[in-house]
Every structure is written in structure tokens, then in C-alpha cells.
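Got a structure for you, written out below as C-alpha cells; questions coming shortly.
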């Protein structure tokens, strides 16, 4: 028998881990002399207290859904894609290229093009590390980190030397044409109170669609079956006639594509131009989101929502309680990764012991009662 | 309630943002009022910061830094009842006040001082991000130096091409070392936080340096020759004092408006001789009177004085 | 000295791994200067018990007495201090270190290496002269043969002055000749007064070299007897708890057309040629058994035929039509499409995905079949139905399709694999180590299934290291050694001795000479 | 380009290579023992902050140095706890540590100094001075007057902070420890086959913790050097990817100490050239500074691809040690 019921594994343990992360974060806040309780209130109110807050929370969550799915898909094939940051940046490049160079008649068509280009560019950026992993066994964690830095240098170069508008001082591209602007929350959900200021935009629905797509892919298709098989045991996959090179490549292309699509939300949906550093660490947040969400789309959505709220709440925190830096969000993120990822066993081992002893007791009772 | 957004580098950069901060603090201590502030941590946050303040009802909202211009041009129309003040940038909207400084004029004065203090006949400049705004500093500086010594050599280096260049003291220091090797004995830093590295190396190597934006003379007494003052503090103070009714449109602060100048205090009193002071003050008067025309780099993207 | 306390005495040792009780209240005592054997089925708890004695695991309960003194052994350091040395089933050598470095590791004389290395070098020369354990002190471990690596393991223990030597299945990877050499060394050590515990599955070895023998069954120590007073049959009965019939009922084969033909097959893996040009044929209604010590190319042979790895040369045909063994088509799915079933040697890392539930595993490798798919998506209902059906017919217990594979016992895991691979009545079945780690009941069941498939007129290639199994099931026996087929025999015209010689690479002519 | 400029670039290469070298050697100890460490970056950052903060408050750079080392070791301990004690994923633990350091340093700095997540400028005894070797000139203007040998001596060899000389000394020391001592033998063995070490009666956990803590000390030196010698104070994210460049150098060096020195000097040189020139004219081509910045990363990918000599990491690297059944 398993040492633990399944629900404990997929719900209880992540919950305890997140709780631990929050408690330690609270301790940090207390140590720097602020009230964790008040900080929590500010964050919750800031994230969910108004349509404005929701607008930002869901906007950030959209980013994290994409990057979280990207990490999750790769996790299923036991590939650790730390390259979401670079893949998203290059995805943004794809969006900018296609939106700046073609006169799009309507945003719907432009959006389709942006989806294709962002995904293709993100996938292309993942392709080299994937190929090196599959064919040459070069550790994908290291190569994707290296590719993050290369992407960042490339983007700076292009923004400064190619995209920068004549006469402008800022390293950013020209604005995209008005026809390509995506409907914002105010346009499609104004009745919920969203004003013009909320950056939440149509991309949110694409993110949700991506979740459904990933769920179908991983749990319903032959490809997903092969990805999961490969992730659990490479030798077994080979035995079953699954080609490891092919699976590694395809999985990383999908992963990179998903990360690249994050750029739609920021570059096309919000900034409406390509700006420097627009990814803002979302690629890394994806790691925390995937770990916390146990690599399942539903978990990813929930975790992305939590991190969206943390990011928006964190911005409010900095505003309302200037003594707490916005970097507190990074601390919380680090602790979530630490507890749900690296210190998983710290939570798991006592839980397993607990459920084991519970079962022993139940078995002992079952043993004794008929004798009575 | 007024509000201010500081650019990357933060309000304690001892330079540009700190000047803005000082203006806000001066207003607060004089009136006892409170103001809201946001220190930007990344480029991508600009819009959210502006919207956040506008949503919360702050008015006027002052923002420091040319990088705010593009996002502000998007945000300003969404909040027609809020007055925005942008320093170092121009945004064409009815509710925006754009404050521009004639940095070339102030730089001209410190360029003169540099050339007068130099023994080697070579002076240098370290800029932050390579943008026309900073070239305006460099060009004014070179013109001032050339006015004192027509044979002067001016070496100019930019730290980088992205906003990270405002906060890279190590690189600033390295550039300074290189300039010293080429003979420079006065270095002018117009580079935000990067300038701290420039001033440090200048002090270590025993040459003069010139600070920027705020008065930086106190940082290394005896080494900092002077500072090119840019009265961002005044611009902020004015906006805060006048409130939402502050006049919109483009406002240029030059020598005449006391928007730029050079710093003289107890830390550099011994470095600036009476003779130097007299020469500079005369030039100042001539510029205000229009007798000396200091060329503004941003007008045509070129500089009459050759720099290396 | 004869009346002195036993070298080792275990009292009431118990150890559980989660729900598995690996050792139950075990007591045992071994006299100084003797060789003590331990036998028992796979999973009986032998390795666990020895690991406890060596401080690798901590017992839940029980005491260890060494030379009449209560000696707690919380870690291997304590075991080493108590004079215990262990040669593990899997060697514990640092592959890219030299022999000397491996020998001194953990037993260095001081903080600096130079004196230790010099001393070790001297000692190694002495020891190798004394015991005939010749090994080059500066050789890198990965360049040594398995037999030599084992010598390094033993040298390690001698360098540490171990008085008590534990050997866990030392002969599993050795040729009979190497095993003989090892036993001569053990005899010498015993003559010097060292105490030896030997774990082995080979009853012949027990009879040949041990003084006393203990039998373990399901975590318990059921018997300890003097070797001279027992027999292999009696030991086997004690091991499994009932009389064992090692013979399988089967009718003589009636071979038909050639199904599989292999010509001059060569396989190179990691730069080493593992299969060196072998040829054979299998006909309908015939079982070809491949015997041999593990690591002589059988694994690669199976993997090439199963499409897991590519060959480097040769020709393979199925019903006369060539099979691509080197190019793009060389993979498990094309093989299955051609009617080849494959029960892999290692069910846990190859045949099953352990965290997958049974119903998902039942489609493994066949997941692209039309019956498991509807349109672009997989048909989970069909997969589950198929699983329920197979579980019933192959007696998988518990018959719960939602249970993850890892939660079935070894025998039932194997039944799931066998059900999947045999149920489609493949024209050719490749089957490796079909009963490794499987209990007697399941062995009988699986053997019957294999015979039944043969009787349907299918061809079967059986690879096993168990000679009994090979002898019992095969219609023809081929013996592999060092990538070659040393010869073919009919089971009723050969015996274990002859096969053993072939397995050691001794050909007929040499054997006769 | 004149001789003095070349010397200055080499001099600057050495200074910029020092934090890389220290972090690279830190990674070397950790990874040779089988514990992957992508948390070098975070440890450098934490050490940089605490050394600057304590140096400022205490006024002594030496106390600051100790504080930096302590901070870095605390993170090492966390890495050890996660990846050795609780057998967690070493890569994830490293990622978490990087974020933890990036966040905590700014949060604490903001509360402590209220200067937007930086420490005040350090000066005087709160900063490492450059050591001027006997007979060497210290100022560039004086050096320019000297002959070529004098320039090499004064510019390149003299005038570095003590940590630069210390880092250079640690290279042969590491080589000696690794290949000539019992500890080194065990360290290398535990990175290749922990089971062998375990059965030899040596504690795998103990060895790995020792390695990870040594890495902590070295990263502490790297961070303290960054904040109190190369710079004069802490600024947000001042490690600026150096931990990853060090990791890159480690792979480039194939986990060997002398190679590590060469790799770090090379990467330091790229950095120095990139600092000095925005664009580099190479004949017809203009090499943009961004290319120079990306060059170390590109080189590592090339090495990992096996295009120039395959880099084989310690075999047990990245895997937590679980006793086999």
C-alpha cells in the first residue's frame, strides 16, 4: 500500500508547505519590526479588495499561468526548464516583430499571429538546450540558465540598436498600431467594475485555454502518455518504443512555447510595445507555481492566482507600508519554492509516519474487534 | 495630497532622485503636509505606479526621469482630472507639466572650472546611459572647457545603453581609471549612482571630480571640485507648493531661472580660487544675457567641440 | 580457543521498512574460523540482516555480540572497528579512482595521503603474494574486469584487518572458474582464523564450502544446520516451506517454420562490443533458452531484438522478412506491430511505469493501438476494461486496476507484464528473467503460460540466468559467453556441469583436453 | 592601444576575476562532493550585503568580512539541510536560495538603512584598502612615468586588496587539499560514489556538509570582496549574475582548480573589456558590448555541447544519497 492517501499528497502537503512559507514570511516581517497581520491585510485588500486590485492580480496571474504551465509540462518529462525567463523574453521579440511589421486589420487576427509567433520564438529559444540535452546530455538546467543571460543580452542589443525609435531615449520599440490593441478588462468585463486602468486583458482567456490544452495533452493524449512515461522512467520509455530524443525535444518546445506566450499578455496586452525586462522574473515564478501546483493545470491556476495576488498585494504593501520593501514578495516566493520544492521531504516524512501509524492503529483495531 | 515617483536608483542615489526627494521633504517640513511616494524597482512598473497613485486620488503626481515619458503619455489621458509633472521629459497632454533643465548651461560652467583646475590640459566626462539627454551634459561641459583652454582635450565615455547604466559604480570607476591613464585630471560624472564610483576613484587617484544634480561636494572633500546643480528639488517643491493648479505645458529651467548652477560650499571653498569664481560668474551673466550661446546637443544631435 | 565465544552472535534482530517486515526476531551465531552460509528466496531478508550487522541499517530491535561482547553497531564505522568487513552484492568502488585509492579510502593513516598510499602499495604487494590476489595498484577501477573488481573489494577488507568477512552473493557475476578461485581464497582466510558469512542462491556452493548454513524465509530465520548434515533438496524445502518440484510438465516440441533468424548479430554499447557476431534460428512451437552468467551479452541481445537499442551489424529476419535493427525503424513500437512481444529483464525499470496505475500499464507500449484510442484522445474506459479482463485471466492480485504498479508485489507486477505481452499471442515472444524475484506460485503460473504459448505454435526466446529454469523450459539451449554463443545443446542431452563449463567460456575441445 | 591601457585592462581583469574565482572554487568544493550549487549567486549577494552592513555599523571591514562569511554559511547550511539532510532537489534548493538572498537583502537593507535597499557608502576602515607592494607606485599618474617592468609591477602586481592575493593563494591550496589530503580523497569519492564512502565507514552527510560549508566560506569572501573592496557598499542585486558566471567557469574548468583560475581570468577579462569599451572594433566588425557580456554564457553552452572537450561532472552530482536496499 501507499504510505499516504492520495489527497494528502496532492492537497495536504502543498498546503502545509505554503502555510509554512507564509508563517516564515510573517516572521521576517515581524523581525523587521512591522506587523505581519497588518501586512497580510494590506496585501489581501490590495489584491482582492477592488476591481483595480483584481485587474492587476489576474493580470499577473495570467503571466504566471503561462510560465507555470511551461515549467509543469517540462516537469512531466522530468526536465527542469529554468529558461522560462529567456524564452518569454524572446517570445516578446516574436510578438513585436509580427505586430510592428504587418498592418493588421483587427486585433483578433493579430492575436492569432501573436500566439503563433510568441510560441514559435519561445520554442525556438528552448530548442537549443533541448537538443543539447537530448543528443549530448548537456545538463538542461545549466544550458537554460545560460540562455536566459544570452536572451537578455540579445534583447538589450536589439532594443538599443534595432527597435529603438528614432529620437527616443528609452530602449523600447515603437507602439503597436491601435488595431492590434487587445480588449482590456474594462471592455469585456466593465460590468464587474473594471476600469480603464486594469491591465487585465483578453490574454487571460488564452491562458485558461492553455490550461485546458495542457490538461488534455498530458492526461488524455498519446503524446502526454509518452511524456509522463518518459518522465518516470527513461529506460521503460525506450522499452515501449518511445523515442527519448523526440520526447525531450517536443516537450521542451511546448514548454518554451508556453513561456513565450507570456509575452502576449505583457507586450501586446499591456505595454503595447516591447520594453526592456518586461518578463520581470515571471519565468522564475513559474517554478514556484509549478511546484506548488504539483504540475497540474488546476494547481497551476490556483498557484498562479496566489502569486498574482502576492505581486499585486506586494505593490500595495510597498505603497501602504513603505518600511516593507516590495522585495518581500521575492522572499515569499523563495520560501514557497524552498518549502514546496527543496524541503518537500521535511513535510512529507512526518506526514507519512503519521498516516502509517494511523493505519497501523486502524488495522490493530480491525484485528481486535472481531475477537471481542 | 501630492505624490512623487522616483526613478530607478532610488531616492538616496545622492544625485538626481535625491534632489527630487529633498524638494519633497522641504515642502513637507515647511507645510507639515504629507505626500505619497513610490520608488520604482523595475522599468515595467512605471505604469502601475502612476495608475496606483492616480487611483488613490493623489494630485499632483510628480515623476522624476525621462523614462517616465512614454508610460505617462499612455496614463495621463486616463486621468484628466489629475495633474502630472514630469521632470526631464516632455509629454504633450493638457494635464501634464513637463520640466526641462538647461543642463548644457550648468555643464558649461563646471566645464570652465574643470579646464581651469586641470594641470594636464585633459579633462573627462563619464555619462550614465547613452542618451541625447546625457550628451547634452557632455557637450555643454566640453564647450565650457574649450572656452577656457582652446587646446583642451575632453574625453567622454558613456557607461551603458540601458537604465542599468545609472547604477553601475564599478564600471564608472573603471572608465575613470582609463581616463586618468589618458591624462585626465578632472572628471565630471553625470551618471546617477554610477557617479559614486567615479568620484571614489577620482579621490583614490588624487584627481578632481565634479558631481551632478545634487550637491555632492561633501562626498570626498578636497577631491570633488564642485557639483553641477540641477534644481530638481526646486521643481518638485514648486509643484508640491502650487498643488494641482500648477501650470501645465513645457517649462525650461536654465541659468536665468536658477534651475542649474554650480555648487560652492565649505567643502570646496579652498579648491575654487577667487579668480576661477570670477571667470565663471562672468560667463554665467553672459549666458543669461544671451551673449554666450551654449549649444544644446539635443537640438541637432551634434556638438561643436570635439570629444574623444 | 575452541570453547571461546562465537565470533558473531545476533539476538532478536527485527527491522521493518514501512509496512514491510524485512527481518523478524532473528537470532544467529557463527563460530570463529568457520564459513557460514545463508540461503533464502529473493526478498527473504538476507541482505537486510547483513546490512544491519555492518551498521548500514539500524535494527529496530535486537543485539549484536561480537566475540562474546555486546557491540552496538550504529554505523559502518563501528562495524569496521569491530573487525567486520563486507563485500556487497553491488560493489562499492569509486570507478574512476585507482585501486590504491579505493583500498585506502576511509582507512587512511593520517591527514595526508602520501604515507598511506606508500603503505597501501606495500601491503597490496604482500597480500597479493600471500593470497594470489594479483591486482595492479595503479589501475583505474573501471578498466578492471568484474572478477578483479571483486578482488579489490576483498583487498579493501584485508587492508582493514577485517576478522569477519561478509560476502553478499559474491558469485552471481562470476564465471564458475572465477568462483572457484574466490573459494580458494576464502578457504585460506578461514585457515587463518577469519570468520566468513556467505550469502548465495547456489546450493551447490553452500554444500561445497560452508561449515554451517542458515535458512531465511519471509524475514525469519527458520533453520540453522551443519552443512554436512543436510542436502540441497532439504535446504530447498526449508527455503520455500514446502517440497519443490523443479521440473515443469511439458510435451515434446513440434517445431515448424523458422520464425526468427539471426545472422552474425553484433552490438556495441558504450564503445565496447557486447555481442560479437551470433547466429541462431527459432521455429514455431519452440522455446530457445539462452543460458549464461549475467553480463555476457544476453541483455543486449534481447534489447536489440526488442528494438530498445540499435545493433552495429548483422541481419535479423522475421518469417523471412528483414527487421530493421540499425536504422530509424528500430524501436519497440515497430517490433510490436510485427508481432513481437517482449517481457523485459527488469520489470521495475523497463516493463512498468511504477507510479502509473495498473490500467495505464496494461497499455504500455501498445498505447497507440486503435483499441485504446478514440480520435486524438486515449480511450480510458477501453483501457480500464482491458485491464480488468487481463487481471482476471492472469490472476493478478489484488485485481484492482486503479492500484499503482509499485503497490503490487513483485510476482503480481510480473504477471501484469506477462499478461500484456502474451495476451496478444505474439508470433515471437522475447522473455528475459521471467521469474526473477518471483515466488514459487507465480513461477509455476508463468511457466505454464510460456509453455501454453509455445503449444499454440509461437516462437519463444527465453533468457535466464537460472539454469534450472533454462533446463526445465527450453527445447534447445544456447549458452552465451563474452558475446559469443559457445554452443547449443538439447536439454535432455546435457547437464548443469557441461552448461557451466560453456558459461565459463570453456569449449568442448578444451573441456576434453 | 598603449601598453598602460593593456595593463589596466589586465589589472581590471584580475580584480573582476577575483569574486568569480572565489565563487568558482566554492562551487568546486560543493560539486566535487556531489552537491550541485546553483545558489552561488544568492550566497555572494547575502555576503555582500551583510559584510557591507556590518562593516558600516562596526566601522571595521574585518568584522564585516566575518559577517558576510557567516551569512553565506547560513545559506549554505540551508542548502545542506534541504539537499543533504532532507534529500531534496539540489537545483530547486539553489533556486530558492537565490531568490531568498535577492529578496531578504533588500528587505533588510530597506528596514535597516532606509536607503532604498542599499547600504550607506563605505569609507576608511570599513573598506578594504589596496595593498601597495614595496617599491610600487600607487597612482596611475605616477605609474605612467615608469618603465614597462615597473608598470607591470606597480599596475598589475601591486595595488590589489588583500582578498585578491588570498584568492590567488586558495587555488594551489585547493589543488593540494583535493589531491594530497585524506579530506580531498574522501571529498572526491563522495562526489563520485557516496555508497563507497558510506561503506568505508565515513559519513556521507558529514563530508557533504563540510564541502557545502567550505563553499559558504568562499562565497562569503567573494561577496565581501564585491561590497567592501571592489565597491564601497551594497546595492540591490549587486552580484549581477556573477554566481552563474562562476558556475559557467566551473564547467569550463571541468571542476579542476588550476583550470578554474584560467577560466575566471578569461571571464574577468571579458568583463574588463566590456567595462572599458562599449563596442569593440575588430577589423570590419563591430562587436557590441552585449556580445562581450554574453560571451561567457555562450562559451559554456559550447563546452556543454561537447564541441571543445566534454565536461563530465562528478558522477553522483545532483543526486541525494539514499542508502540502497
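To keep things simple, chains are lettered A, B, C and D as they appear, and every chain counts its residues starting from 1.
Quick note on the criterion: contacts are C-beta pairs under 8 Å (C-beta built on N, C-alpha and C of every residue); 3 or more make two chains touch, one makes a residue touch a chain.
The model shown is predicted, which means the values in this text are computed figures rather than measured ones.
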Among all the other chains, which ones are in touch with both subunit C and subunit D? A
Of A-D and A-B, whichever chain pair has more C-beta contact pairs: A-D
Suppose each chain is reduced to the average of its Cα coordinates; what separation in Å results between subunit A and subunit D? 30
Indicate the whole-number Å distance between the mean C-alpha point of subunit A and the mean C-alpha point of subunit B. 40
Rounded Å distance between subunit A and subunit C, as computed from the means of their C-alpha atoms: 45
Dist(centroid_CA(subunit B), centroid_CA(subunit C)) in Å evaluates to 78
Residue numbers in subunit D touching 2 or more other chains? 117, 236
Using the touch rule from the top of the page, what residues of subunit A touch 2 or more other chains? 156, 327
Using the contact rule from the top, write out all pairs of chains that touch. A-B, A-C, A-D, B-D, C-D
Subunit B touches which residues of subunit A in the complex? 52, 56, 156, 159-160, 167-172, 196-197, 199, 266, 270-273, 275-278, 280, 315-316, 318-319, 322, 326-327
Subunit B contacts subunit A in the complex at 36-39, 41-45, 47-48, 51-52, 54-56, 66-67, 69-70, 74, 78, 129, 131-133, 161-163
So in the complex, which bits of subunit D are touching subunit C? 179-186, 188-189, 192-193, 195-203, 315, 323-325
For the complex, which residues does subunit C have touching subunit D? 17, 47-48, 54-57, 75-77, 79-80, 86, 88, 90, 92-97, 101-102, 104-108, 110-114, 116, 156
If you look only at subunit A, which of its residues touch subunit C in the complex? 1-3, 216, 220-222, 225-226, 228-229, 232-233, 235-236, 238-243, 356
